[in-house]
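Multiple structures follow.
Both complexes below contain subunit A, partnered by subunit B and then by subunit C.
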Partner chain A sequence: MSLTKIDPTWAWTPYRPSESQPWNRIRAAHLFRRAGFGATSQELDAAVGRDPDEIVAGLVTPNLDAEFESESDAFATTILASGNPKQLSAWWSYVMLRTPHPLLEKTTLFWHGHFATSAAKVEDAGAMYAQNRLFRQYALGDFGKLTHAIARDPAMLIYLDSVTNRKAHPNENFARELMELFCLGEGNYSEKDIQELARCFTGWEIRRGSFRFNRFQHDTGSKSIFGQTGPMPESESIDIVLDQPAAPQFIVRKLIRYFLFDEPAASDELVAPLANELSEHAWDIGHVVRRILSSQLFYSDQVIGRKVRSPVDLVVGLLRTLEGSTNAYQLGDDLDMLGQGLFYPPNVKGWDGGRAWINSSTLLGRANVIGRIVRDEKTRFAGVNLKAYFDQLDADSPAAIVDQLVELTLAVEPSQTVKEQLVEVIKRPGDRSQRIAEAIHALSTIPEFQVM
Partner chain B sequence: MRSNRREFLRTTLGSSAILSLGATLPDFLRAAAATGTDDKDTILVVVQLSGGNDGLNTVIPFSDPAYKKARPTLAIPTSDVLKIDDTLGFHPSARGLADLLEDDSLAIVQGVGYDNPNRSHFESMDIWHTCQRKSDTRTTGWLGRYLDATQANKSGASLALHLGHEKQPLALTATGVSVPSISSLESFRLNDSGDKEVRSTISKLAASKQDESDSLLGFLQSTTTVALAASQRVEQASRDYKTPVTYPDSELAKKLKTVAQLIDSGLGTRVYYVTLDGFDTHSQQPAAHAALLSQLGGAVSSFVKDIDHHGQSDRVAVLAFSEFGRRVAENASEGTDHGAAAPMFLAGKKVRAGLIGKHPSLTDLEDGDLKFHTDFRQVYATVLESWLGWPNESVLGGKFKTVEAFSA
Partner chain C sequence: MHTFRNAGSSLLFVLLASTFGIADDRTAADLLPATTVIYAEIPQPAALLDVLENHLLRKRIENLEGVQAAYEGKQFLQLKAAVAIIEAKLGQKWPQILQSVSEGGISLGFDARSQGVMLLIKARDEEAAPKLLETLIELARAGATGDGKPDPVSSGEYRGITAYQVNQARIATLGTWLLVTNKPESGKALLDAYLDKPENTLASNLQFQEARSKVADSATAWGYIDIDTVRKGGIAKTLFSGKTENAVAELLVGGLLDTLQHTPYATASLTLDPQRTRLELAAPHQQQWTTEAREYFFGPNGSGRAPALIEVENQLAAISTYRDVSTMWLRAGDLFDDKVVDQLAQADSNLSTLFAGKDFGEEILGEVHPEIQVVVARQLFADKTPKPAIKLPAFAAVFRLKDPETVGPDFRRTYQSLIGFLNVIGAMNGQPQLDLDMDKEDNYQIVSANYLPEKDASPGGLKIHYNFSPSVAFVGEHFIVSSTKALARELAVAVSKENKPNSDVNSFVQVNVGGVSAILADNRGQLVAQNMLSEGHSKEEAERAIGDLFALLEAVEDASIDLAASEGTLRASLEIDYVAD
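Right after this comes the complex of A and B.
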């Protein structure tokens, strides 16, 4: 199977259910895993009765749910009162676990990894929270506006050493990352472009937690970036970067990696049609995400099971799929231990994802976290224990329970031997809920559990 | 140390769970048990300084007027410099490095870099890790290729270990060897709630064959197998370590102490890899850089002492590098931007102590940055040939002239 040989015309043609490619629980589960954090058995039943295109349209244009919003805001207020940015991960874990708009959260997480900013350096819970709201506001909206906003975002400017920026010796850090990591990608600019762009940002400052333009420190001289020359006041320079043809290609390639497959990087031919559409639709991210999630490629074997689950996909995914409830503070710490500390990305490049999620420590950690959550007697699944939960799903024999578990949690069918061994675990005498928990723990160690 | 080692092999071999894990582990154990010569193999400990260490304020050309001119606020006063000779000296917080040099245990390779330097952290780090440019297909790291090559001869496993919370460095990526990453000894074990049957099911699941055609699932399978095996070995190896050396209270010191402990336990690992992050000092550099150099010097000097105390100093060398140095001229935020050439360090009893090569000129610059005169691959070649005893050509993708960094 060669991903470099994907025909772009075929790939981006919208998926239409057919006899060979039916719209069923398996495909619906795939959609909800990728566009969110998995679906319950009930949600899958509801989804197969609807048109997939209509489902994606709904995911891309969420109608905010006032009740959930106010719950989320109340939790955030409590955490912000503590002033501890570490605790913000509990709030976001809770939001991902409970949100009625999983695609919105998943895309917000994408932007957090893209415009990566770490509270380890920013040390200001309020600024990190404000930045998170900014990501959510534009998550499925206008990338151009988001870029302009992030260039004035206090958390970002603190993170990239641009709290002060004087014309005498401009600091290159933000200018460099704007080109390298946020808009164009390495190799699509020169060192000279960076130095000139850094001059454009002189006078941009953070004072008492807010953005301020200090005209006395702004270099008003002529600059030359990508062959364009002029004083380039304020944000004009950002538009010059956004107007580079590399910009929509860079963003589309990253969205393909996030929503479709980790490796290899999408070919130029595959990227081009969506990059053109992103330009034509004035940086509307929602449009491109919708095209990706309703494409023939999305439902193909080249995509299903081809992504390594991030810690969020793994843990939040399992909990949402089985309607599990758990301690949000513990969940935030677990994600950090597995390499995805929310609000604490490893560096300005964000999480590499893919195989980089996996090493011997994180694999042991994944099994330990899942094992602890499901074995904990306080963990409830739709309010009841695991035995009662699977009874409700009409899975009352060990074999039926394993079949349900496999269908709900795995994108790739494991071998018959694996399933038989899990059945043996559940068959052991003793408390049935504990036996199911042990089977889930064992399941969490197999390769198929790490992909989606 | 020998009794530790024997105990380790006995208890590990005695565990039936571990023997059911598949082919890799018995091979490793057979190799380790059969030779017993692993005790003599040299060991390399790589310390990666992430973010771009300001080499100019680490090994300081204090007598050069151009230094103070380029660094009006960041220059270290001559009186504070820990002098190496009449022109060069260490940052006052790099006391540990100065002590190592005093003790004939530190080599400073000056002016290290590469042609057409890239000033992106990620791109430059990838170049240091793989020895390849972006236009090449980069799938393995230089240490990974060394592991692949030695693995073919020895059929062992876990020749390298990465200690740290961060993702595994690309330098260790191999095609045929999976390198374990250990974030901490305490958490590096499978918690099975003491339930032997579940543990045995998990071992059986890990041993079940994966479809070879799926490289992603194959990768996950082999990483799982290695994780379960390595966790048992490390758990055994990490008991009862005693040292009279008091390490400083820092992350790097903790990691290096763990490395000393694992070396002492007789684990057959040849390469250990740790990182120290935070060198990207674009603003407010003085306090941050001082703390980092203090951490680096304190941790490495304690480690070398500890290793010496345990009779291992003839076989352990430390290599420290960063993805680039920093711009000669400081910026307006009391910091420095991304630069090029910088020094590399080798520490241990067997290094040829002292300065190697000249300090790069502060006036003959390239785009405001120091020019390199020693390619980093020359230092790698030296480590491979003079320390690990392996020809460098296939690993580095070309023949590189070695530098005289080890005593004969």
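Right after this comes the complex of A and C.
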């Protein structure tokens, strides 16, 4: 069945393991790749013994590890003392590598790309971190509350040149992006709506890094947005935008693209059921994400291996899959080089994603980065080198190592020829860990490695 | 068998091989060619091993997590296995083997003519070295055979002496000597010298003899470099050019460059004992070698002396020096290239503006005596003080003014202008503001500025600004510029009480390593976080790594560096004292 003609009823029916679609390590690996950054061999072993729906429920509503959360906060606070936003990239890379809540982190990354704000312009590490916490707080929560919060977020307003907004000259930037990029999408509003909405945000200012409402600069006059008229004090205007039927459709379509497939854009028919549920569940993102990750469509051949890996999926995914740890500064730089600098999205639209991740230059760059990381002396796998790591997995022959690598890292089985070539690389004389690193480098160059 | 090969090769390199002998009292310098330009010697390796065995640092190093991990590593285990084989073959423990093979000393030379590095190890007797070499060669060959590799050791003869080659190393034993070199010509020269006993060797070089005579017999190791030959050979041209092209480098070492342009040689000697390490670098020095442009460095006729150290509580480091910075500033055209001179001219113009139009080089720096001291101290951050997330040490410079009555008010006004300027810049960037204050005591006056606490601290905690309360103090003829009011006050009190004569050296640096350790402990959270990011460590691993750093620092009590030019010698020394167990 083509993705354009997909039956919504079938698509969103919860997945139930069957003989034709068994719950196995391959499907579990797919879930963890999409809902996080991949799974280790032990995690897959544990997952196949559990109900997939139960696993997804756990991912969507995690019992937050208080120790990790407080450690992560303290860690970030320490990093912020330097005042350097670049260090935040390293911090977030580190958190992604070690978080016990991968879906929460992956969805935080989704909102970072959605409400794109770049430290290159904001330059205030504290403000960027505060915004990141906001994304994490609402990542799987109430999108309405997140939108209200982001409207007053210092980093966002600095990024959109909205640190001052006077009634005499309303700044339309935030109003425009709220409709076009954050809530509704193009074609679902008029220029007049933007102008009127911008009037609602007059008096919203950033002073010394904090939000301030300047009542003397707020336009208290009557406004008319989407047919509703009134003074619309403060945030009431945002609710009017969120109440538009296009809003839940816009968000669901983006979530489908993020979690399911890059192309083609999901049809209105496919989007509609989940958009309705999003409205009925008071903008509960967690509910929709759970429906997506538990659906028949999610585990279908139309979805598995149909999404291009983002640099984060590629690099963090490989490391998490093999329990890797490495120099987080270098990792942050690597992601930046591959076009996904954390805290540094390219523009207000965020990352284009999909096929845009790959071109002749980045394809080579992606393989080179993988090669560098696995050869880096600071990179360890469960604290040991690659040979010792695969020994721990009882993969002590070149063929067994390749089988493990393929199962853990690839959504699509490569050809037998490729696997044989990888075995030959590992068989070469010399240090076994170096040979395995070379095999992973070689693996990273094949097309199957670029998708998940 | 792979193990054997690796371990064998490693040891081969560590020990650098062996051969035959006849009792002879010749030194390594008697065998090295007269064209040797670099020479280093450990006269009594056994004594060195003994010091290392009993050194205070040894146990601490061995207990470090990283070292413990290395002990369990593959390479160490391979080496250990190889050592066990050697011990079994030779019937001796490893320390005894090393002792017998190197009892007569270990020497290293670099010959300018053959461009070869030559290692000479003198054994206790004629049997020790050949036995060890033979065992190592066996090991290397066994390892290669096991790995299906070709024989890694080849041999040849020269004047009836068998020499072996492993990779680039040529090895032979002769009498009590084990000779190793990387060039065939160098090897031949050594064998010729041993057999022919020529008169013209390094030992007959008068310059070398003079250098040797100046090194204390108690030195654990010493080295010599023929700077004249190196200089004429066009090596390290920048070093011998006499220019630094960098104002800070000029201020720190500029005076040494004149000496390097003329001095014929330099020596280094290292003295190790369990409580102390001392490294001394020395070179012949003549006052006439100092150019007029660099008189600022050593003073007229080399008479410049660093002021006596002012000590304060929690001192981390102190630098005391003689530098006539006014003269250096005005002589910039003679010392630097056009680019640096332009930069300094620009700085001069800006600083002259800041000092209300006074000529910075002449009227500001010219009012300061050349005896300067810089003090760095740990801050304790009393409860009332806002505590910044990153805790920096306080630092201050102490100057003596030539005409404090006239210049003092100028400096005070300039300081106030500067604080106002910083407040304007700070306000533009959303940074906290400085609040001026003035304290007057009988003996001194302090003008200071404190950062006002912010209403809403950023998520990163208090800003780095709260490490500073920039201050100036006036104490008689002394003028103090300090990063904090507390240090300014402490120095003002100390200066008003003390009046010690100058030291007898040009410059010295003293570091209280215990204090450095304390300030690192103040920032332990930062260090752990940085380690987690840069090494990919978990918090526990990072805590352990930082713990290792502290464990090492705790072993060192303090360190000092002196620079003195006297009695025809330019001498720099580094001394490290260890904490007794």
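The rule is simple: the second predicted complex is superposed on the first by the 449 of 452 C-alpha atoms of A that agree within 3 Å, B and C clash if a C-alpha of one lies under 4 Å from a C-alpha of the other, contacts with A are read in each partner's own complex, and residues count from 1 in each chain.
Here, contacts are C-beta pairs under 8 Å (C-beta built on N, C-alpha and C of every residue); 3 or more make two chains touch, one makes a residue touch a chain.
Model, not experiment: these values are computed from the prediction.
Taken together in the superposed arrangement on subunit A, subunit B and subunit C fit without clashing. By the document's definition of touching, neither partner reaches A:Arg290: not subunit B, not subunit C.
Once the two complexes are overlaid on the shared chain, A:Arg432 sits clear of subunit B and of subunit C alike.
Of the two partner chains placed by the overlay, only subunit B lies in contact with A:Ser361; subunit C stays clear of it. When the shared chain is aligned, subunit C comes close enough to touch A:Lys378, but subunit B does not.
By the document's definition of touching, of the two partners only subunit B reaches A:Met337; subunit C does not. Of the two partner chains placed by superposition, A:Arg199 touches none, neither subunit B nor subunit C. Shared-chain residue A:Arg176: touches subunit B; no touch with subunit C. Rounded in steps of 10, the angle subunit B-subunit A-subunit C defined by Cα centres in the superposition reads 80°. Subunit A has more of its residues touched by B than by the other of subunit B and subunit C. Of all Cα pairs spanning subunit B and subunit C in the superposition, the closest are 14 Å apart. Interface residues of subunit A facing subunit C in the complex, by the touch rule stated above, are 71, 74-83, 87, 90-91, 94, 97-98, 125-126, 129-130, 133, 208-210, 325-329, 378-380.
Chain contact summary for the complex, subunit B toward subunit A: residues 50, 118-123, 134, 162, 165-168, 178, 180-183, 187-193, 195, 197-198, 201-202, 204-206, 208, 210, 216-217, 219-221, 223-224, 226-228, 230-231, 277, 280, 282-283, 329-333, 335, 337-338, 367. Considering their complex, residues 160-161, 163-173, 176, 180, 186-187, 191, 263, 305-306, 308, 337, 339, 346-349, 352, 355-356, 358-365, 367-368, 371-372, 375, 412, 415, 417-418, 421-422, 424-425, 428, 438, 441-442, 445-448, 450-451 of subunit A touch subunit B. The part of subunit C that touches subunit A in the complex is made up of residues 388-390, 430, 456, 458-461, 463-464, 525-526, 528-529, 532-539.
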